[in-house]
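What follows is a pair of complexes built around subunit A, which joins subunit B in one and subunit C in the other.
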Partner chain A sequence: MMFPQLKIAALVSVGRNPASGAPRAARNDVLALDAALALAPEVSVLHAGDAAPALHDYLAYGAASVEVLPLPAGADALAPLAARVAGYDLILCGQRAEAGQGSGTLPYRLAKALNMPVVSAALEITLLGDIVEIVQFLPKGQRRVVRVSLPAVIALHPLAPRAPRYVYARLRAGRLLSAPALVAAPLPVSPWQSEPAVKKPQKLKPPETRQGHARLLGAIATESKGGALVREGSAAEKARAILDYLRTNRLIEF
Partner chain B sequence: MNQERKRLDPRRPFVLSPAGLRRIILGATGGFDASLLAAPAYKPAPKPLRLKGDPAGYLLVAAHSQRGMLDAHAHQAIAAAALLASPQQAVVVLVFGSLNEDLRAYGADLVAVLPGADELGFAPEQELAWLCEFVTRYAPAHVFMPDNEIGDGDLGRRLAIHLGAEVATHVVELKPGAVAMYWQGGAALARGLMPLVVLIAPDVAETSLPFSGAGETVAPPAAQAPPGRYQNRGLREIAASALALEEADFIVAAGNGVADIPTLEAVAAAFGAAVGASRVAVDEGKFTRDKQIGATGKTVSASTYLAVGISGAVQHLQGIKACRHVIAINSDASAPITKRADLSVVGDAQEVMSALLAELAQRNLPDTARESV
Partner chain C sequence: MHSLDHLVTLLFWLAVAALAFGTMRRARLWRAGAAAPFNWAQLLTVPRRYLVDVHHVVARDPYIARTHMLVAGGAVAAVALVALNYGLMLYWPLLNGAIVLAAAVMLGGSYLVWQRRRAPLPRLSAGPWNRLPYTLAAFALGLLALALLPSALLSGFFAALIMLALLAGTAELVLGIGTGGPMKHAVAGVLHLAFHPRAERFAMRSTALRPLDLAAPVLGVEKPTDFRWNQLLGFDACVQCGKCEAACPAFAAGQPLNPKKFIQDMVLGFSGGSDAAFAGSSYPGITLGGHSGAPEEPILPALLAPETLWSCTTCRACVEECPMQIEHVDAIIDLRRFQTLARGALPGKGAEMLGNLRETATQGGYDNAARYHWAVDLNVRQIRPGESVDVLLVAGEGAFDMRYQRSLRALVKLLQAASVDFAILGALEVDTGDTARRLGDEATFQAQAARLIATLSTLTFGRILTADPHVFHSLKNEYPALGGHFTVLHHTVFLAGLASSGQLKLSATSETRAITYHDPCYLGRYNGETEAPRALLRQIGVRLTEMERSGLRGRCCGGGGGAPLTDIPGTQRIPDIRIADARATGAGLVAVACPGCTAMLEGVVGPRPEVIDVAELLAAALEGQA
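Showing the complex of A and B:
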């Protein structure tokens, strides 16, 4: 169902091909754009940063135009984005960026700045009047249904069941628009030092303080976990032992 | 010549190690002492307490439990906090959901359990209020949470944004006072000082520790958040049989010892479980290749793994490493799977499966499962 009266924004970023490192449309943001286009015919597609060529991919995925908010390299995108999307009903974005920090905190910070509820890991989005119903991803085949009232910020999960289509004609027809930023982004002050990831990260381990003899004893006493063993009894009793174990550990509900 | 050779007494004193191996007692002479068998000498000694005296500071760990247990990722978060804490810093653990396990082995000094927190419910405002109360109560130097998808990653980000604090997410390396995480989709590693909120990736810390936590129970937070903006509408469950094996929570797997596949599938349907198989069963053509679990097949992480007629070759055990509860039905009591399994039933697979089906048919089954029994 389409809701033309709603103001919907999709936030897009420049992604990164995990194999080649080439810039591309970020996969999660493509899903967000596709979900937004399913809700309203007119969606504001916003990008804070440079007018990178990779943004044209979003045109091919259905954006009529991509509005580029200028941002100095490495600056925080929150302030210009928050100023631009104030007054919108629904703001969609991918859960985690492919390039840059990819910390997945932008939707939360945006929601805090705009005083809106935020729901992440969204798979499906349904509008019910001024309420939006979201199916959230949970591991182990579970899905959770959450409702929030508009306006809201929603971050899409990478497994959202959407099939965005790449149409080259749309890429030719669409345009990148550069808009003046409403608010100047603060200069980057990053407490992090980044280096090429060549070495594997080290696992945090307790320091080895035991002397030789204690270490030997530790090596002998291997953890042979081996749980309970049911040998005796009829097949029915054995079956009951299995069911009892499942019930004790609350693995079955009946 | 012969008389001068030093002979070893074949019956010199020995004890049995927990693994069942015979270990001689060096330097001891005399015959075999039966009393030593009853009390093995290699009983692991109780580990020393890490915390010395009254705590002067705190580190907070918060995590959601599932079915009364924390997962390995949450254990790693607790162990990481315990490894990073100074001898005067106590590790406070706040568990959302019920808890039926002992967290002392992971270094938890103070444990607060919120059994009222709906395990899979969605109440971020209420959980945030509880977490903030603990942050105010203990003023922890750092808050550690597993960056997972069952709610901790979400709650950790909300906490950091609410407090206006620095946060490090998907942390892959922890050192005293410093963290590292991947940027640029894994191409760059960013290092910095440890912020207040640390959301850790899986496998950043070792969980077998040389010390133990105090494990005291403390009162859970009592803060009440005002009615929130989020409305939880419950869960929508997908039948395990419709899921890929990697995502399934309950797997019934067949091995060489299973001849009757329809019975096995009926058992799986009765439990609402996905069906897997060992390499032998797949090679015989009883199952398709996508059902194979093990080194050359799939690696699964189900909570419950029911292995029927599987002996448990190393390659198979590798594929079920992450499974929480392993139950084995096998005719051989000395098969390697019994070492891995939490419950091993020794008996004919066919008989036990039929008995299981008969037992399940009498029970109050969910409607979907009843049809298939």
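Showing the complex of A and C:
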């Protein structure tokens, strides 16, 4: 159902492709935009930062225009965004950015600044008058339905079941708008500590020696994967059996 | 002189008027289409295009070639003579004699039409087409009687009978174009040959898609009237012979596509109406009567189901078989362009692949820097700006596929053995955008092409070599329209040259299994290259057993046109059909020359002939090899 009288904003960021690092529309924010467009025909699509070319992707995904709120490098997007969306009924965004800090705290901080409820991990959003019902993602396939009254901030889960469409004709028709600069504070000092990553132990697997076709056949047949069970013998004999296995499969080189 | 003669004169001129009126009516429908260049002088090209190009296709089926020659030749001659003798009111007995001859020829042809339609092939349309032998015979018989029997001797009853036969035959001949009857093809076919939307095809093999103006108000075709007027005219030329249907791999696999029905649906689109009266095979799995169209209505989904549009592998088998020179694939791509660019409505993994292309310049979303990992240990030069090289190897998306890397490595081995001065494009390579273009995403294609052309223009090389016919086709045939002019060679052509000049020394293959060769559509039908791979195989002593559908008439592996991405279900898979073709020859090995074909055919499960690239077979037969 469409609710034209509602003022809805979608907050979008510049993401990055994990393989190439190329800037793109952040997948999670695309879902937020798509969810917003399903609720109202007119959505204010806002980005705090530079007018990056990758923002055009949001036009293709359905934004009539993207309003760019200028933000000095290293500044906190919170203040300009909070000032811009004050008075809105519903503010949607992705749960976490793909680039930059990606701390996932923006929805919470924004809700706090605006004194609104915040719901994260939203999969589905249904409006019931001035109440909004949200299906929330929980691990292991579980779901939870929560209701909040408007206005509210809702962060979409990356697995929200939506199928946004990339449409070149919309990209061609849409525009980036730059808004006047607003005062912004520097980013808050991160409360996080960093520590060196620990290398996890790796499971050794014998290399696949079969050809592609044999592997395919193996995938459709239910044969055993080979190997042997060593129950008998002393600890040294068992260790020798393991060593032999590792050597024949060239998992160790000595 | 007799009043019957005058009656025939009257009938003749009435028929001329009806034909002119009907043609004008039909032309109004065509002219609702978008603009295309027009020049009356093109009518002069018709005889040549008919006798050479149409005949070339029709002659593959000698029975129907003979039949059409007799019926159409007889009819045209008879009508011309009637025009002279009766139209101009000469009434010379000598001309009547000639009419007898022409009518007899036509009658013989009508008999052959009748024979053919007694037990019609499933690809033929029934309905109004079934009355054709009778109306044609009536016309011929009427003329025979008129010209043979001295009219003074005729009884009134007999004269009326002759007139009735002539009337029935004439009605069939001249009303078709105005009412959309079977004989519509005579007028529309002639005009279509003259004003063909792809006129280049009469001069050379022309398969490149037309670039789309990305600033155009409508991107591609949404409504029938978005087609150019000469495309609409082309649809009208269809004789519903169903040769395209019999050749279509998607139709054979039970996917909801039938090129013949598709063309008839496009006719319905610009002339308006429902498909309930269609007298041929429907799209597999879609019942007749559920679709209708109108000139200003969107074609999808009312007239055409999206699954139909996305089933096509763009293999061009339909175009190759069509006696009327209709361009099915161009129309399908026009429709896809609108669906993709203006609606974003691609099924399956299509949209994901396009996103990958835009973000990573690879179809699979890989790290483009890994494109040349297959060659790291081969001691191959990577090209750099400022260094010149004779042959530049462009690998394509197959470079990421562990199976196809084997073929590429075999190719490198051959090039090294022949001391070719070559280099790879390395991490500088980006995807050609070919698959994006087949899926209708002209924007992404043109962006990719601009990137690749810009890269290539900074480098100094003589020729481009590729093992991927899709890369070959787009670089060779489609990039020129975007400003990229290169000499491009497919590896089979290049290697055949090396082998025949003696630069590449090959010995006899040790392969003992029977071998057949699968023609990639984008090498064979798109580029006419069927000989080089065969010559190479002969060179290493292979005696090919050909599949029933091979060469220019080869059957698609199912991998073209982005079909593996859109993945429209059918009752079986196209590669399974192709492997069955190979099995039928008794071959234990299928030689291929395309990463797409390799992947599709190797994906067939169960016991099957082994699939090996020509380059791999050659590399194993290199002279002086241990």
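The rule we apply is simple: the second predicted complex is superposed on the first by the 181 of 254 C-alpha atoms of A that agree within 3 Å, B and C clash if a C-alpha of one lies under 4 Å from a C-alpha of the other, contacts with A are read in each partner's own complex, and residues count from 1 in each chain.
Keep in mind that, in the parts below, a residue touches a chain if its C-beta (ideal position, glycine included) is under 8 Å from a C-beta of that chain, and two chains touch if they have at least 3 such contacts.
It should be emphasised that the depicted structure is a prediction, and the values quoted were computed from it without experimental measurement.
Student: A:Val189 in the overlay: touching subunit B, subunit C, both, or neither? Say first, second, both or neither.
Tutor: It touches nothing on subunit B or subunit C.
Student: Once the shared chain is lined up, is A:Tyr166 touching subunit B (first), subunit C (second), both, or neither of them?
Tutor: After superposing on A, A:Tyr166 lies in contact with subunit C but is clear of subunit B.
Student: Looking at the overlay, does A:Thr209 come into contact with subunit B only (first), subunit C only (second), both, or neither?
Tutor: A:Thr209 sits against subunit B, while subunit C stays out of touch.
Student: State whether A:Ala73 touches subunit B only (first), subunit C only (second), both chains, or neither.
Tutor: A:Ala73 contacts neither subunit B nor subunit C.
Student: After the superposition on A, what does A:Asn249 contact: first (subunit B), second (subunit C), both or neither?
Tutor: So A:Asn249 only meets subunit B here.
Student: Of the two partners subunit B and subunit C, which one touches more residues belonging to subunit A?
Tutor: Ranking subunit B and subunit C by residues of subunit A touched puts B first.
Student: What residues on subunit A does subunit C touch that subunit B touches too?
Tutor: 217, 220
Student: Where on subunit B is subunit A touching in the complex?
Tutor: Checking each residue of subunit B against subunit A gives 17-21, 23, 42, 44, 67-68, 79-80, 83-84, 120, 122, 148-150, 153-154, 157-158, 160-162, 166-170, 172-175, 180-193, 195, 203-206, 209-211, 229-240, 242-243, 247-250, 271, 302-304, 306, 325-327, 329, 333, 338-348, 351-352, 354-356, 358-360, 363-366.
Student: Looking at the complex, which residues from subunit A come into contact with subunit B?
Tutor: Against subunit B, the touching part of subunit A is residues 16, 18, 21, 98-105, 108-109, 111-112, 117, 119-121, 133, 135-149, 191-197, 199, 201-206, 209-210, 217, 220-222, 224-231, 234-236, 238-243, 245-246, 249-254.
Student: Using the touch rule from the top, collect the residues of subunit A that touch subunit C in their complex.
Tutor: Counting only subunit A, the residues touching subunit C are 17, 19-20, 22, 24, 60, 165-169, 172, 212-213, 216-217, 220.
Student: Provide the residue numbers of subunit C that touch subunit A in the complex, in ascending order.
Tutor: 214-215, 219, 340-345, 351, 354-355, 358-362, 365-368, 402-403, 441, 443, 602-603, 605-606, 610
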